[in-house]
Amino acid sequence: MTITHNGEALALEARATVADLLVLRFDDPRPHGIAVAVNGEVAPRGEWAGWMLVEGDVIDVVTAVQGG
Amino acid sequence: MTITHNGEALALEARATVADLLVLRFDDPRPHGIAVAVNGEVAPRGEWAGWMLVEGDVIDVVTAVQGG
Amino acid sequence: MTITHNGEALALEARATVADLLVLRFDDPRPHGIAVAVNGEVAPRGEWAGWMLVEGDVIDVVTAVQGG
Amino acid sequence: MTITHNGEALALEARATVADLLVLRFDDPRPHGIAVAVNGEVAPRGEWAGWMLVEGDVIDVVTAVQGG
Amino acid sequence: MTTPCSDDLVIAGEVLSSRLFLGTGGLPQVALVAPILAAARPAVVTVSIRRTSSVAEGGLLAALRDAGVRLLPNTAGCLSAREAVITAELAREALETNWVKLEVIGDERSLLPDVVELLDAAAELVRRGFTVLPYSTDDPVIARRLVDAGCAAVMPLGSPIGSGLGVLNPHAIEAVRAAVDVPVVLDAGVGTASDAALAMELGCDAVLAATAVTRADDPVAMARALRLGVDAGRIARQAGRIPRQATARASSPVAGRIG
Amino acid sequence: MTTPCSDDLVIAGEVLSSRLFLGTGGLPQVALVAPILAAARPAVVTVSIRRTSSVAEGGLLAALRDAGVRLLPNTAGCLSAREAVITAELAREALETNWVKLEVIGDERSLLPDVVELLDAAAELVRRGFTVLPYSTDDPVIARRLVDAGCAAVMPLGSPIGSGLGVLNPHAIEAVRAAVDVPVVLDAGVGTASDAALAMELGCDAVLAATAVTRADDPVAMARALRLGVDAGRIARQAGRIPRQATARASSPVAGRIG
Amino acid sequence: MTTPCSDDLVIAGEVLSSRLFLGTGGLPQVALVAPILAAARPAVVTVSIRRTSSVAEGGLLAALRDAGVRLLPNTAGCLSAREAVITAELAREALETNWVKLEVIGDERSLLPDVVELLDAAAELVRRGFTVLPYSTDDPVIARRLVDAGCAAVMPLGSPIGSGLGVLNPHAIEAVRAAVDVPVVLDAGVGTASDAALAMELGCDAVLAATAVTRADDPVAMARALRLGVDAGRIARQAGRIPRQATARASSPVAGRIG
Amino acid sequence: MTTPCSDDLVIAGEVLSSRLFLGTGGLPQVALVAPILAAARPAVVTVSIRRTSSVAEGGLLAALRDAGVRLLPNTAGCLSAREAVITAELAREALETNWVKLEVIGDERSLLPDVVELLDAAAELVRRGFTVLPYSTDDPVIARRLVDAGCAAVMPLGSPIGSGLGVLNPHAIEAVRAAVDVPVVLDAGVGTASDAALAMELGCDAVLAATAVTRADDPVAMARALRLGVDAGRIARQAGRIPRQATARASSPVAGRIG
């Protein structure tokens, strides 16, 4: 299936979870200091392992950066 | 009946109109440069003669005064 | 003889007067709106015709220009 | 004789010295932290004992006070 | 006439006769209306709407009508959009104008605008067909929202009403000017002629003054001074001033000095 | 005519026609002299004295004479009393006026007055029968010394020549005004109309502008703006402005509001 | 420690360690984090929330965690309440703090607050259990509305973000201070130490600085300067300054002078 | 110690312990001397010279000697060079120091310097072997003349003595700084910590405060505030502040925002 990750299209196997995505992108199912939004709603850290992504999901993975 | 005119109680004969009130207070049924609100809504100049007041009506009669 | 006129050396015939210098430079023995200093002192307009210059005199001829 | 001390007339015995004046006013021939002017000139500390006052001398005795 | 026709101030399609708005609050006597108007030649004169127990009310209205000046009723003192809307409706009825200087204040001590209620009232009055000139803060984002709501001009404050502190934040007034494409009328705080001139130099299209005139020692003279100040500032703005620079620049030639 | 006769500016017994002094330094072209003078209606126009290699010198002098305006020669660029005195003498001879705007500067970069040399030159020129208008700092003690030396006016700077920074220290200008009983002419630093108005409101009797006009994008328009600004400030000063206050003061009545 | 415990700054029941808030935007290198924090000893450090393609992100977060400083995520760049709310939610999740510096701007050029969207976002975030510190204008009426909405502090701007113009309208900041009973943190515009000291003297409880430090020639030195400036201003405020007066007052005795 | 040794202030070859000069005028009670000195850690403390009828004089001198602070006698109140010179001579004799803060004022109301008498007195005192620190105006040309006369520093005023108006003309103070190569000590007008910080940021090498401390509600706290303010301003000056710019500059990244 195809999802949108941080604004870019990304192909994932069917039934991939948020944790799978994080492993794919960060080699870590629970990276520290980040947060995940799925379709504009927060996906709590505790649900990453079980949260199944579906075709067309829009995922944002964010962290803290320099800011005024 | 009793109405409130510019914040003060005023006794009027039953079936008095806005025009009657204006005659009473200004000796003029259509004084120039004023406006009338009945219960917080504008009573248009054209309706003063026919606008029947009822017990408890709150009437404000205003004009232009000095202002910044 | 040689005099200094507005900062530059100038050769004049002996016995030349201030008026002679003005004629030489301005084609006019009494140009309007100017003043003359000889060796740092004002040479009054009335004395130009008779004021004899001598070797080494320092002459400034000035007028009004734009100024704040 | 009469001298002026800090703006006021003061009677002193003839042949009184600056030191005598200081003893009279401060019980001390060499008070610390003060300076003396006689007729507008400084009388150096070292000369107080020997500095003879004369009729009409104007003496100022000053010290340090609060100041901006 | 100090400003060419091509430079007329136009609000809501109406050509106004000058760039000075005059408030009447604090006027010591009605007899001064005529000479003040003659000295100020204002584009509009503001009035408030209040309960009356006599038609005359000291004859202010009559004096203004005699002068043939355009009236701009305000909603001074209103603390909510609701109050402001009914006050505007009564003003329209009493004065037969749909122009209103919209004021909705946050409290009666500071008299500062409550921009939230102001935006609500502006939208509602525009819907009801009013030409709305809102008294606002010097916030360019709010100014843009007021224009989006249909206001015909914006009237940012220079400083608190009646304070005479002039333009406390010139940078903000320039930002308001840059943020909108409707006329900007500096409202509140003007104390003297240089304040009015500065406001115009910052890019304002007009200036409103009330207390500065009515409470001056000589109201007629100050009316004239402000009128001249507004014209001076307008023309200076158009003339293109020299840049400010930290160091001196000779205005007399260096060359040709004697000795 | 914006200022009543009873309010004429008088210096050394001469009644001047306005309260704006104009400098010609930086004028882009002589053709602008006439329209600028028509717009500014200055009391005097300043000129500098420089060596000349032709009588014409671009015809500035002729243009000014045609306009019939009073000339005020300056000693711009002089670094010593000696230089300034001879320059003043030449000016008197060339222009047949004993008025002089006395400038003695400390250096050619800042163009700031050297008040020590200035005082010497002022005393000597007064002794020689000149009417001396000294360009000075905003120091009230020096202003008093210049008056004691016989100067007919004092001309404190608002900010450096040509900087366009306006009046950097209004408090000092007010102090100069309070310190002397001769006319105070604000000199140097004026950049736009509000600067001129402010100077007059601070108590100055006149304002001199040069660069502000001659280097503006539109010199004629700025000349007009400054003229209006000077008049506005003068009248405002006389009108007695409202006091500045930190808190608001209602300009509309509180009583009688509806609802 | 320059401020006694009794003078600690408390927000939402939390005792903060100082009155300087530090922004990290524009930091040239992460290696400067430690020395800057040592010099500034800030109460909190702000960070932004952005998409990441790596966990490290230059190690800023790690450096801040090592320093054990309190993090204050902001919603910088959000143009709507909706954006700001989700950004705050993500910040809470990523950083395990429910504190948020709420920013909702009107446009990306001026970066000025959009107080309408700001009020909506503040109310929603308070409802969701956040401790909200809103970046706002210097409008006291809006400040009061933000407090009524449940904000734990207000953060009025001194001047536009990154401008270094300091406090453009001290009168307005004093009015904000007087309008609310929660801590007032001056946000945006601070350029140097005297700006920070002035803000505190005006009654602010703390000052936030970002660009002033991170883009200074020597960020560590400026961090120290601002820390001292904040303390200086705080203590001066409490010390009760002398009144400003137009005339001099001798600081040395008049009596007893010689001669 | 807030300033590194390499940054010590040196006047006439003497290394001073800080960049704050303290005046004692107006001190409510001698008992405050010790805590004020502990809080301010001043480089020098100024005193005046007056006639005495007792040696003690409230013990001020003893209190200052106990604190081991360097004394700087002034010639406050002198109206002529003659008076100032004899006062300086008496100070040297009484206090065994050849340093003098030279004050020659134009009148007793404004307390402003008379720079003509000041220059005469400075030249004479330098001739007599004094280290002269003259209280002067903010005129850079006079500052240069004072240095040419041999003064070891210059002390321009920020505003009138005791006025608390701070630095009325920052541009002039920067010009004084640029005009001379001796230490510049801002004298007179400081009212609070931000004034002191600003003076240092403008390039002054030290600041003198008297009334600001002695007449504050809490003199000891204000002494501490001014000490911090001077250090803050000094360090900020060296840190190289960001430029002032009219428009905003984002301190948070634009890229990577969600939604």
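Details
Per-chain numbering from 1; labels A, B, C, D, E, F, G and H assigned in written order.
Just so we're on the same page, contacts are C-beta pairs under 8 Å (C-beta built on N, C-alpha and C of every residue); 3 or more make two chains touch, one makes a residue touch a chain.
None of these values were measured; they are calculated from a predicted model.
Each of C-E and D-H has its own count of C-beta contacts, and the greater count is at D-H.
Of the chain pairs C-E, B-E or D-H, the one whose interface repeats that of A-H, sharing more than half of its contact pairs by residue number, is C-E. Separating the centre of chain F from that of chain G, both taken as means of CA atoms, is a distance of 46 Å. Centre-to-centre separation of chain E and chain G, using mean CA positions: 34 Å. Distance between chain centres (mean CA atoms), chain A to chain G: 33 Å. With centres defined as mean CA coordinates, chain F is found 72 Å away from chain A.
Each of the following residues of chain B touches two or more other chains: 6, 37, 40, 60, 62, 65-68. Multi-chain contact residues of chain E (touching two or more other chains) are listed as 23, 25-26, 48-52, 74, 76, 86, 90, 110, 112, 160-162, 165, 171, 210-211, 214, 246, 250-253, 256, 258-259. Contact residues on chain F toward chain C in their complex (touch as defined above): 23-27, 46-55, 57-58, 60-61, 64, 71, 73-74, 76, 86, 89-95, 161-162, 188, 210-211, 214.
Within the complex formed with chain G, the residues of chain E that make contact are 106-107, 110, 112-116, 119, 137, 139-142, 144-145, 159-160, 165, 168-169, 171-172, 175, 179.
Residue ranges on chain A touching chain G, taken from their complex, read 6-7, 25-26, 28, 31-37, 40-42, 44-45, 60-68. For chain F in complex with chain B, the residues that touch the partner chain are 250-253, 256, 258-259. The touching residues of chain F, when paired with chain E in their complex, are 2, 23, 25-26, 48-52, 74, 76-78, 82-83, 86-87, 90, 108-112, 160-165, 191-194, 196-198, 201, 210-212, 214-219, 221-222, 224-226, 228-229, 231-233, 235-236, 238-259.
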